[in-house]
Amino acid sequence: MIVYASLVHKLPVGVLGASGYAGRELCALIARHPGVELAFASANERRGERAVLGGREVTFVAPDDARLDRAALVFSALPHGASSAWVTRAREAGAKVVDLSADLRPGSGSTMAAPYGLTELEREAVQSADVVANPGCYPTAVLLALLPLLVRGLVAPGGTISVVAASGVTGAGFTPRHDLLFAEVAEDYRPYAVGNTHRHLAEMTAVMRRLGSDADLIFTPHLLPVARGILATITVPLAAPLADVLAPWREQYAGEPFIEVVDSVPALRDVVRRNVVRITAKPVAGVRSPTLLVVSAIDNLVKGAAGQALQNGNLLLGLEETAGLPA
Amino acid sequence: MIVYASLVHKLPVGVLGASGYAGRELCALIARHPGVELAFASANERRGERAVLGGREVTFVAPDDARLDRAALVFSALPHGASSAWVTRAREAGAKVVDLSADLRPGSGSTMAAPYGLTELEREAVQSADVVANPGCYPTAVLLALLPLLVRGLVAPGGTISVVAASGVTGAGFTPRHDLLFAEVAEDYRPYAVGNTHRHLAEMTAVMRRLGSDADLIFTPHLLPVARGILATITVPLAAPLADVLAPWREQYAGEPFIEVVDSVPALRDVVRRNVVRITAKPVAGVRSPTLLVVSAIDNLVKGAAGQALQNGNLLLGLEETAGLPA
Amino acid sequence: MIVYASLVHKLPVGVLGASGYAGRELCALIARHPGVELAFASANERRGERAVLGGREVTFVAPDDARLDRAALVFSALPHGASSAWVTRAREAGAKVVDLSADLRPGSGSTMAAPYGLTELEREAVQSADVVANPGCYPTAVLLALLPLLVRGLVAPGGTISVVAASGVTGAGFTPRHDLLFAEVAEDYRPYAVGNTHRHLAEMTAVMRRLGSDADLIFTPHLLPVARGILATITVPLAAPLADVLAPWREQYAGEPFIEVVDSVPALRDVVRRNVVRITAKPVAGVRSPTLLVVSAIDNLVKGAAGQALQNGNLLLGLEETAGLPA
Amino acid sequence: MIVYASLVHKLPVGVLGASGYAGRELCALIARHPGVELAFASANERRGERAVLGGREVTFVAPDDARLDRAALVFSALPHGASSAWVTRAREAGAKVVDLSADLRPGSGSTMAAPYGLTELEREAVQSADVVANPGCYPTAVLLALLPLLVRGLVAPGGTISVVAASGVTGAGFTPRHDLLFAEVAEDYRPYAVGNTHRHLAEMTAVMRRLGSDADLIFTPHLLPVARGILATITVPLAAPLADVLAPWREQYAGEPFIEVVDSVPALRDVVRRNVVRITAKPVAGVRSPTLLVVSAIDNLVKGAAGQALQNGNLLLGLEETAGLPA
């Protein structure tokens, strides 16, 4: 026999910038969350419009009409540059904040006190914070893959880590651009920001430096003809061969609910619509210097954005870290 | 006013293994070729069946019914392992041969005299040959991208070249496998042969060694949810910075009809259905060792298989190298 | 504050034919169901293999090793023709059965007592049954769309209903066939069984006749380059114009948890991964005879197969009809 | 031996509205045409930009900078409403015109003398015209399918023809709209303009009336997740059963270079990138009134737009009707 007790209280949370892909994903996750409920969803250009997100109807409001003061927590999915001012407003209204923009992240130059919400790295700092800088999608996939090597000093000193990553088109946002039209993206695949010019690079490098690594990083993103998902294929020169290749990840992430260290090779299909990162590493045969090939995959909208934001939000609100998150 | 002179003679050519993706592409190219015509198309499991390829109806015959003696040239698109015996039979029947399988390629261990049909590298050897080993699809994309650096000794001595390549599913052949079904491939992306275990690696390394390079090569292929195309993203450590990054390619490939050296970044869309390789190179910013990011793209069925085979076939037959090829 | 009571008992259910698309979907739904748990999953050709379905690892067994006697309910997703014998075996072992094959459906000629599990039509019969014939995917989409018109006698006497339906490729099963390969299906779209030759026609016509309709039915299915979903576009000649076009559906389906009658036009995107049918109807302008255009959409693997099977299974087991079903 | 005589003269043609999908397709076809060459390509918002179309580099000019007087023929691919004024300007400058917009088509209300460029219907009128109204993409697919029945009076008097058609997204134009983004279209399929509200309906009905048919027409278009192609599935009530179902089409279209009447069922794959319509018809089994299911497929950008425009342009210029067209 099954008995569900009825829900007594849900904590009110708001979403700024709710009509983009990350914002809508957040609203959908909140709709199914057992402990929070949507207080408002702002979308300036679509204010007054309705949408069904996670099975619940939402009416978008103008940001200025968002009752920040009624939210225990505000998620800002506003564009880079526009977000930090709203973080301040939400804080002044008494709400805690998870900022999904790049405004407060490492490498941004921001001086606002906000731990970096790569939860598995900064869990304690997040738990005691008022504002969290939610990581970028690519940095989430790359840093969680590299973290066990970096903190153990296993990367060859002075070595160069080469990351080739590929993302589904929702990573480019819900912007109507010619190059994101179906007929342009289907049957295509292409790199962009070639030569280390992507804005996520500073975020990744800053975190690597904090972790004591001096490795160089080359990051080459690609646009995939899929809606969701990021897969990073990472070549790492090692200081020395590893006897047990997966040991650093298994140790680092023991007990982590959202990290899957696997023997098989991750694919987008394994992770879409889930708040997980899936990681493997393989030694590279036939080369003189010990080298690892590390592969990680996430859903860019879940673990790479809205899911991780909610994971951090759960911690800020004192809820179970896993509440409402699809693992 | 336009006048076309009528065609006096077309040379008869045959295709063994004509029902796979490469074989069908070949038949289609032959159908539109001004100087050759299809003498036979064999497909053992589909013998007796008809197909329309390149606008012409073809009836597949059993290989044993193929009139090798009536063909000036035979293309073998038979599976690896099964092909070399048919190369010998075709030669004994008096035909020249382009072998699309891996059987005779560098790194295969074969002792049959057959130049490697990377045409832009081995044009003269091909012109005077009777049998040509047509390159693999990935090696075509990778070696044409690296060639100008390798022959000029521009790669850092003892350096490691890391290739991340992605291919459309026709690269896996016309085999009905679960993992190649539409519903499995759509919205997915994944690496395979991770850790330098792909069979094309030996072919690439053997050619690199012939060119005097001792660089290590790491090759990680991926499966893309597209029908056609290969794009290779290559990290190359340089011996020294290059003043003019594209100069090696522009020099090496001046006048080449099927090589496009470009400033922009290649995409699959630029090359599908064309017998070209499109290449760019960019210096990598923010790293201590001089490094290039080289990107190349081909259609795996055209420049990566049937198109290059016909390019070699044209040379074997004394025709214009570009005849019948979509550039 | 939230309190969940712990689950005391889960009822054991088995799945025969668990490695196909419908079988795997069923296992995934069962894994997340609050009231049932997987007793076995058979897959003859893949016996001994493991798969992760709905987050739980499953090891496939041979059908002969399936402990039918330990299951309160057995779902048979075996192929048409092979299923009915296993329905009998499962019944003899004491289990109730939901048969997803066509073997026992209306129009099949079967004499086994098994109500037709179009739940919204036959709910009471299902509740008191031991065996249920789960509807086909196309018939689910078509019959739920037509039901309110048929039972009210609103179709023009002697009229012809024309159904053009399109299905994602999982509807063709997990069979490795040339014509289902990614490179064959992508960028294509085609009708099949043109001229009323599809085997689902007899099922639909038989149910129409039971409902007292003598209308002719023309059914033309199409293969879509998507993984999941069926959308039916139905032209219906009316006996007389309707003042309130949607009223028949709103009346018929008031309170139904899995039927969405909408003013907007359904799209696959609205229904995938959900156990719902979404329906609208629009009067046709500019024609002399009153005519409706009815559109319905389902996920072929959920409401069109595994979801509806579980909906029926819930009723057979005395559970909440909606338990474990994504609406 | 092969001899090509050199080309003595190419006729200059211009393209207005060259940056959309139809305009670019036209430029690409012109680039490969043996008898015409591009005089200008206008694209107001992209003036000054370059593009490679059909292997030739094109620089877009502002429409006001287009040298209409230097073109023997102008193709207008300008938006509906904006096109007819430019048709007049081009005529005043002495050029013949093919107008791809709806401005001059049957049902548009235009009084300008311009035959309807459904070439196979109006060949003689086109040959002696100065301006041609190029048909819409859906009307091309539908009218060429119905023509043999309509002109022979084979449709049931007072009958209703129901057309369900599906188009790739290039049919919606190169407009950056949210609903045309890759992530919105992929894995989706949906009808639009349900209830006979599509603007192409008037064009189709007007032509049917000219041909003496009083049949009602129901037209329901759908958006497909493919880049190119239209497939129409048409239910036609017959006045009487046909002994030889395909005979009307085979008679009507004997010798037509761009019409393929086939026994098999057309698919998009058969027609993309080709200037053809592919048609079949099948009798419908199991219904009381004699009924045909007619299926036709075209590439919406070729036979449905740029290809047919060039076919008409060839006639206007006195060239071979098939010149430069991929059949």
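Residue numbering begins at 1 within each chain, and the chains themselves are lettered A, B, C and D in the order written.
Note that in this section contacts are C-beta pairs under 8 Å (C-beta built on N, C-alpha and C of every residue); 3 or more make two chains touch, one makes a residue touch a chain.
Since this is a predicted model, take the numbers as computed values, not measurements.
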- Query: Counting C-beta pairs in contact, which comes out ahead: C-D or A-D?
  - Reply: C-D
- Message: Let me spell it out: compute each chain's centre from its C-alpha atoms, then which one is farthest from subunit D's centre?
- Response: A
- Task: Between subunit A and subunit C, tell me the centre distance in angstrom, where each centre is the average of that chain's C-alpha atoms.
- Result: 37
- Message: Measuring centre to centre with CA averages, how many angstrom lie between subunit A and subunit D?
- Response: 46
- Query: What whole-Å value do you get for the distance between subunit C and subunit D if each is reduced to the mean of its CA atoms?
  - Reply: 39
- Can you list the residues of subunit D that touch 2 or more other chains? 184, 186-187, 225-228
- Message: List the residues on subunit B that touch subunit C in their complex, please.
- Response: 21, 168-170, 174, 176-178, 180-187, 225-228
- Interface with subunit B, subunit A side, in the complex: residues 158, 160, 162, 164, 166, 184, 186-192, 194-197, 201, 205, 216-218, 220, 222, 224-229, 231, 233, 235, 237, 265-269, 272, 280, 282-289, 291, 293, 295
- Item | subunit D contact footprint on subunit B (complex, rising order) | 1-5, 7-9, 34-35, 55, 186-187, 327
